[in-house]
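Labels for the chains are A, B and C, by order of writing; each one numbers its residues from 1.
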Amino acid sequence: MKKIIILFITIFLLSGCSYRELNDLAIISAIGIDYDNNEFKLTAQVMNVKSSNSGIAEEESLIYESTGPTIAKAIRNFSIRYPKNAYLGHLELIVINIEAAEQKLDEIFDYFIRSPEARSSSFVVIAKEQKANEILNPNNENKGNFPIEGLKTVLLDGTKRNGTIYDLTFEEFLSFYLKEGIDPLVPLIKITKNKGITASATIIEEMAPVQHNKVLKTLNQKQSIAYNTINNNYYDIIVDCKYQDKDFAAIVYNPKSEVNVELKNNKITVNIDINIESKITEIDSKINLTNKQIQNSLKKEVDKQLKNYITSLIDYCKENNSDIIGIGNKIYKNYFKEYKKYKNKNLYEIADFNIKINNKMYRYGNINKGAA
Amino acid sequence: MNGKISSGEVMAICVAIIFAMFPGFANTLILSQSQNASLISLIIAFLLGLIPIGMIMYISTKINTNFFEFTKKNFKAFGYILDILLILVAIFTLLISNWLAIDFVISQFLTRSSYYLISILISVIIAITINKGIETLSRTIFILFIISVPVILLLLIPLIPYIELDNLKPYIDVPIKDILKSSFVFLTVAISPVFYILGLKNRTNDKKNFPRKILVGYIITSILIFIILFFIISVYGIDLGSLLTYPIYGLFKKVQIFGFIERIENFAAIFLITAYFSQISYFIYAIKNNLSNMFKIKSKKTKQIITYILSISIPIISIYLFKTYELAPSIEYVPYVLIIFYIILIIYFIRSLFIKTKTS
Amino acid sequence: MLDKIIDNIKKDFHNSQDIIFRKIKLKNNNILLVFNNTLTRSDNINDFILKKLTSLKRKITRDNIYNHLENIVPENILVDIKDKEDLYTKINSGFTVFIFEKGKPFAVETRENLSRGISEPMTEQSISGPKDAFTENYQTNIGLIRKRIKTNELVIDEKTVGKQSKTKVAILYMSNIVESKLVKEIKNKIDKIDIDGILDVTNIRECIEEKHGIFPVIEATERPDKASLFLLDGKVCIMTENSPYALVIPTFFSDLFHANEDNYQNHINVTFTRIIRYISFLIAILLPAFYIAITTFNHETIPVTLLTNFSAQRDGVPFPAIVEALGLTLVFEILKESDIRMPHLAGSAISILGSIVLGDAAVTAGIVSPITVIIVSLSAIASLMFSSVGMVNAIRVWRIIFMLFATTAGMIGIFLAGILLTTSLTSKSSFGKPYLYPLIPLNKKFLKNVLFKSKIEKDNTRMPILTDKNYTRSNL
């Protein structure tokens, strides 16, 4: 009995000492980071929970803005102007301005990884053409209807169904950034404007590699598709090709690719093996698809197109001195002792590439001739 | 309730003692010293650790009475010095593991609470559990382990799609000296406190299986630690994995089940809390036993008061030391202090080689 | 001389008016009948005894009457009276005492049946299986058990407990199954009881229990089929007069999770119901504490849409979550208690009032949030799933302990309270047998039967902790 009394006394002394009520939280769902004049400028989109008469919350966001010399101070400064405490536990999107990315990326990483509250699975995008403030607060109305859910589907679909971007979470970003010999690719976000004044649409459709203190040139669509194919990042995408000057489209499924690097006598050979399956979806000519030769030539066109994409990616890497495929990383892992020699060189100039595509085209859709 | 402990419970206590100091301290130390080669250093430590475990098993076959009586009979006056040394090292271990436990709880869960009050809450519960007797304590530890180990293993299964075996290469990227240094950390921090489990020998049911259960507990824990390190390195990559303070905890933040159950690391923390609770409570029980045997205290009430004093004062002292003297970065010197356990172990081992037991 | 006896008896009974003295003159012999009007059945005395007395043809002496009555009325008990104490005991137990001028008095049993008939059980209802329950009549109760176990190994030992109430206490056990050490211990404990009166068998429970804990260590049951099943397992039953309950010693923690239908239905269905019962135990204890922990400390555990939902509901509520939850628990307990005491005539108005007050008006007035009402009522309904009153009360206490820990430390507090619950359960023992058997000490076969019901072919031995004589139950 005495033990229970001791226990209850300690409990009553402690309760009510250190919690935060649910209503005192400002749940931040997206945060934008700008950096100029040696100051961070943060824009946060906060979920608004006011109980309406029917008892169900209306989904409207508020915009908070604040500045500060460091990110931690800027987040505390939110509570100077706005009610409620900022709460990062359900953060879903981080928008980083290109200047902040080029100058202060390490500090941003440090804050978000060190805080035990922030989720590490929030998505990261970089805003190249506009400031993060403009993207999150498009018409400067302080009341955004910025559809976070919609952007999440854009990111996911863009990776899995289009192959043009890659949904990068914060943790993956940091992991790639720290690895030796590989550069992370970050999707870019921008807003299109009607007549240059009011915002009409938010678009994420390109990627760019990020190195230490530098954001490089954006990849075009072909190079992004090549990157995603090499890394098996999508379910299926559509590849446009031409057969005898007529367009046709093929779906490419299930990439299972491998990149192998061999180092012999100071000679680097890179073997890129790609195994895919494909299917014709749309064709603009009156050919008979049951003919074996025609099938083979269609398949060869798809292979040629993919090979073009990959060669274009390799050229990009050569020009911009950025190791996207990760050759340096593979040398680090497999030939650890000799890595020092190749550490800061542009490996794409001295390596030989063998690209092999193994394509199985097995279905031609519901009809077996051109419908035209 | 006749005061007997079954062998499964001995195994559970053994697992708890080995695992308790691992997350948060030995984990980060091993990963930062020998980066990708942590797995290899773990295997080397496991093989080398069979020697002290074998010594402990051998000593345990010679003990037939209370541990204190055994010391007194075989060492006479020198035994008192050994006892006091043992108590001091045990208190030192408790200071470190109390700090680790409270730091884990407060930095990850209750960021705004005060250190002292939460430690008092935990210590009161530990003291209540110990005062009910050793069989209650060991049964509670057994039940908690039955619940938490399958939870951890089940929660690791959704992480399997995230494994990239590539992250394990290059297998050896640090010189051999560093690998041996981290094996040394594992040997001292994890294995040497197992010496204290000899205090349980005369309270168990089947005395023949006692050495075997220690060995089984050691193997189980080593496999568990190996699996966890494997997951950390292959899912996170070594750069991120050696950066985080609690990578085990961070691993579970990634788990997503059915797309909506996202943050289950709160439930995975039950395993860590069980290990901390079990190790702290068993050590306080063993110290209390040692003290009451040394000063010949028989009354139950005095023993209860000693338990309360020990379990409340040790966390408060450790928090005070760590806060005012900022000892947290210098925690790297702990393995060197725990060598004292090994010295005591070797002394006992050599002495018990000369004991002739009656063949029963 | 008989008048002097009458005066003595009247003085000893302090002139209570329900003691009746009848002087009968039979062929010039005086016989005095003393009986208690309220405890005896008058037609028994009139028809069987007095009328038959007149048919005695021989000389009127004490022994002749004794033998005559013995032959004529074989149903009722006929006993000799030893001393004055015995005389008063017999009058108080409903016997009719024959006092002679010459010869020792004797007594004939003419007891009135002062109890209700056998009806359905009130607290432990079931869908299938027999539906009779114990009543307050001692003979009926023991008869209901005897007619289910028709063997001579079923032993009934009687003791008298209580200085003023002198209640008969019966100890039932199967002598070829049960451990004799257990029976001896129980008998020793009952002998040591020194109390004014035993009004119900639960008074004995309080006197026998070693350490008073929160979870019940000795169970009381109202159904004879359940008691018979426990007797066949090797447990001991205790019953007293005037009590429709039977105590079962020892009780394990797993027995509190069993309902009556488990024995009468298909084992797969029973397994399913048992799993639901375990889940409802966890819900009943953990759910309010979990809600408090989520809304105050660990906001990241639930998906964000649920979080905004809770936040919107708690917007205008003035109290913190713990005060709301405790207040609603209190209101629910008040409702439950007043529901038991309320007479049937006042019935539906109060239940409507309760539901409207709690459900709609409090939420609309902004005093509580709807989600707290849902959670507290869900947890309370889950706790009512258990048929044992001790279990429901224990869940109530632990629910509050968990809630207090959750306000202090969030999820960690729930873990710590869970450790405390485990400690408290493992340290209990029921008459020397560990409370959490068969989990601790581990016995895999019975663990499977206790957690999930196994087929009748596999359920063919008794628990080794309860018996050391007779292991096989069936040879299917």
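General remarks:
The working rule: a residue touches a chain if its C-beta (ideal position, glycine included) is under 8 Å from a C-beta of that chain, and two chains touch if they have at least 3 such contacts.
The shown structure was predicted, so the numbers you read here are calculated from the model rather than taken from an experiment.
At the centre of the protein atoms shown, by the Cα-centroid criterion, sits B. Comparing the centres of all chains, each the average of its CA atoms, the largest separation from chain B belongs to C.
Here A-B and A-C were compared by C-beta pairs in contact; the pair with more is A-C. Rounded to whole angstrom, the centroid-to-centroid distance between chain B and chain C, based on C-alpha atoms, equals 47 Å. Inter-chain centre distance (chain A to chain B, centres taken as mean C-alpha positions): 42 Å.
Each chain gets a centre from the mean of its Cα atoms; for chain A and chain C, those two points are 67 Å apart.
Across the assembly, chain C contributes residues 297, 300, 408-410, 420 that each touch 2 or more other chains. Across the assembly, chain B contributes residues 110, 113, 118, 121, 125, 128, 262 that each touch 2 or more other chains. Of all residues in chain A, those touching 2 or more other chains are 7, 11, 14, 17, 19-20, 117, 119, listed in ascending order.
The touching residues of chain C, counted against chain A in their complex, run 295-297, 299-300, 304, 307-316, 320-322, 370, 404-405, 407-410, 420. For chain A in complex with chain B, the residues that touch the partner chain are 3, 6-7, 10-11, 13-14, 17-20, 113, 116-117, 119-121, 171, 174-175, 178-179, 332-334, 336.
Considering their complex, residues 297-298, 300-301, 303, 408-413, 415-416, 419-420, 422-423, 426-427, 429, 432, 434, 436, 439-442 of chain C touch chain B.
Listing the residues of chain B that touch chain C in their complex gives 1, 6, 8, 105, 109-110, 113, 118, 121-122, 125, 128-129, 132-133, 136, 139-140, 142-144, 260, 262-264, 266, 269-270, 273, 277. Listing the residues of chain B that touch chain A in their complex gives 107-108, 110-114, 117-118, 120-121, 124-125, 128, 131, 166, 169-170, 172-173, 236-237, 239-240, 243-244, 250, 253-254, 262.
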